[in-house]
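One structure is given below, encoded as structure tokens.
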Amino acid sequence: MTDFGAAFQAAITLVLDWEGDLAEIVSLSLRISLTAVAVAAVVGLPLGAALALFRFPGRKILVVLLNALMGLPPVVVGLVVYLMLSRAGPLGVLGLLFTPLAMTIAQMILITPIIAALARQVIEDLWDEYAEQLQSFGAGPGRAVTALLWDARFSLLTAVLAGFGRASAEVGAVMIVGGNIDHVTRVMTTSIALEVSKGDLALALGLGIVLVTLSVAVNAAVYLVKDAAQKRQLA
Amino acid sequence: MSDRSKADKGRAILPLELRDVVFQAGGKKLIKDMSFTLSGDRTTIVVGPNGAGKSLLLRLCHGLLAPHAGQVIWHGTTRGGQPGNGSDLAVRRHQAMVFQRPVMMRRSVAANVDYALGLRGLSRAERKARTEEVLSHTGLAGRARMPARVLSGGEQQKLALARAWALRPQVLFLDEPTASLDPAATHALEAIITAIRAQGTRIVMTTHDLGQARRLADEVMFLHRGRLLEMSPAERFFTEPANDLAQMFVRGELLWWRRRKERDPRHDP
Amino acid sequence: MIRTLTRRALLGAALTVATSLALAPLVTPTAQAADRFITVASTTSTQNSGLFGFILPKFQAATGIEVRVVAVGTGKAIRMAQDGDADVLFVHHRPSEEKFVAEGFGVKRFDVMYNDFVIVGPQADPAGIKGGKDAAAAMKTIADAKAPFASRGDDSGTHKKEKGLWKAAGVDAAAASGTWYRETGSGMGATLNTAVAMNAYALTDRGTWLSFKNRGDLVVVVEGDPRLFNPYGVILVSAKKHPHVKSADGQAFIDWLVSKDGQQAIADFKVGGEQLFTPSAGG
């Protein structure tokens, strides 16, 4: 119990001392995860829509694969990205290992399947309803995809949020490809892992409280925006 | 509006000719060797008992389904086995269809119309003008900003009609548009259909409401089990149909007859 | 309708801004600092003790070179350096370091500092080894008593040292893995956390132990054996193997570490009033 009390105290101290390292770590975490989510959404949403709309050989296998990839182990993703970006790896010349960009890439690989798989489900349901009407309008595949993405936007937002949750909570992959370098690649989750390894469990939990609060805040903000947009539609 | 809609036409897509069209599902022929020609400037009502193939026929004509055999020919443009080829789309752009259950896009009422017009490549000003016009013709002007999905069933079907109307099609297919509506809404919808018809759009509509068929039809097609058994001017169909089954259908006896037949499969006309 | 369009345009603009805001800083900090930082592959023991946090700012102030430390186990650190993913290797397992240089991956090994390992264990001391000076004998006693022992089990410098001690004690600890001998496969801190939770003995470097906050019932039970000596070496990765290695800045870091200033900085680093590392540069 004392640990929990100390953890809350640590969390409060951390937030009060906002100007310190915490602000840097929080902003880096957000930047990396938001970028990863943005890129994953740009890739995953149309991919999910395409899988929902088009029938081609191997589609079912791809759908199953995509659903399975939602549970991609972060450590494996981290390792693969590490080996690719290592100086000894195929993309070594880029010198990206141990940079925030490497962490973004790892997170993006982790969450693109999540966003794509959830988007496929959402869009497939909508397509069942829209298919004949859009075909009747003479909408080509491209126009159909954009219409579906737009009309399913509120459900898709939830898919994107799921991706963000996974990205910001993830530690295994960013630890491996980022290296947890102080002031360079240290994010919320790797800080927590570091404090645990230093045995400072209270500080670790304190950081955890900040991370959870942050995650709740992001979700609440998105929810409010979504709610307002939906209400305005009904107004 | 009719002046502009004539200018819109560019090329006439009628007549529509079906030649020995077959459509099957699960090894069962649902449309059997159907041939007919639709031309002229009138309203054709397709009637027949459930399972006659009315809805399938509309989808085949509109190009949403491809026939397994035979041809759907729009003014010389052949539909073989391949759906969705270029010429097909060009012809479909002069048609519109309203389904039994209206598909309401998750947008505002006005945006629903605007979307369909956008696919025709119309300018923003033209889209706005047409949207306002059809919404006011269908009594939905006051609802323009509401999400389409909160409209009542009757209003949703009005919007589906408005959306189709805005496209100024040469041919409008209506698949049981009033099937799930109350009498008042049905009446309102029929008035809209009549107005669209008055502006020169060829209407092809299915219904199992014989009263509605009498009110709207210039010409009636009677389908039974995937076959076209009779196609005649409305007046003649309702007074002295040539086909026996059509006669029973008009008298309201066909359902009873079918039931008896199902008990005794050897009895086949 | 117009409002819908405006809203869509706004949304598009917002997305673009958000994306560029998010992307820009990802690229720029590395780009700006690109010519003036080096990457050092080192061990969790040095990082967790807080040594780097203490001496690196002094080095940066003196030279303007930023040092980015990736703290992993010695085995992983050496692998990183071999792959060319670090400019400087800073670890504590002399045989591996010498092999690294002999194979041409490193330029030259420099002595920097040393500390020592200690055996920690529960206050109650079930194996009865408290106060001993002979590490191997103590570990033999632990094995005979089948008292729980938490091992790194991660091929790190500390793990290699521990395996050497088991060998000296004539105990085949690996054979007992899963019973009283428990391999965590984790860093020093995580292993200590495990030891605390299980009331187990563990071998740790003194630096990590002194700065470790979650000690529970554990105390130092054996120390002072010469075999527990723990020297740290620093090696510049060879540009012959990896031309992109920042040799000049890397060497500058090594030069500073073994210089009077660097050695003094190491000596000045204290946790709880206790000096953790003893400078040992030959110079």
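Annotations
We call the chains A, B and C, going by the order they appear; numbering starts again at 1 in every chain.
The definition used in the following text is that a contact is a pair of C-beta atoms (placed from the backbone, for glycine too) under 8 Å apart; a residue touches a chain by one contact, two chains touch by 3 or more.
Being a predicted model, the structure only gives us computed values, none of them experimental.
With centres taken as mean CA coordinates, the chain nearest to the overall protein centre is A.
Per-pair tallies of C-beta contacts place A-C first.
Separation between the centroids of subunit A and subunit B, computed from CA atoms only, is 47 Å. Between the CA-based centres of subunit B and subunit C the separation comes to 76 Å, rounded to the whole angstrom. Centre to centre, using the average C-alpha position, subunit A and subunit C are separated by 30 Å. In subunit B, the positions touching at least two other chains are 107-108. Within subunit C, not a single residue touches two or more of the remaining chains. Residues of subunit A found to touch two or more other chains are absent.
Residues 15, 18-19, 22-23, 25-27, 29-30, 39, 44, 47-48, 52-53, 68-72, 82-85, 186-190, 192-193, 196, 211-215, 242, 244 of subunit C touch subunit A in their complex.
Put simply, subunit A touches subunit B in their complex at residues 126, 129-130, 132-133, 135-140, 143, 147, 150-152, 233-235.
Taken in their complex, subunit B has these residues touching subunit A: 59, 62, 64, 89, 92-93, 95-97, 99, 103, 105-108, 115-116, 119-120, 145-147, 150, 167. If you check the complex, the residues on subunit A that touch subunit C are 31-32, 34-35, 38, 86-89, 92, 95, 97-101, 104, 179-182, 184, 194, 196-201.
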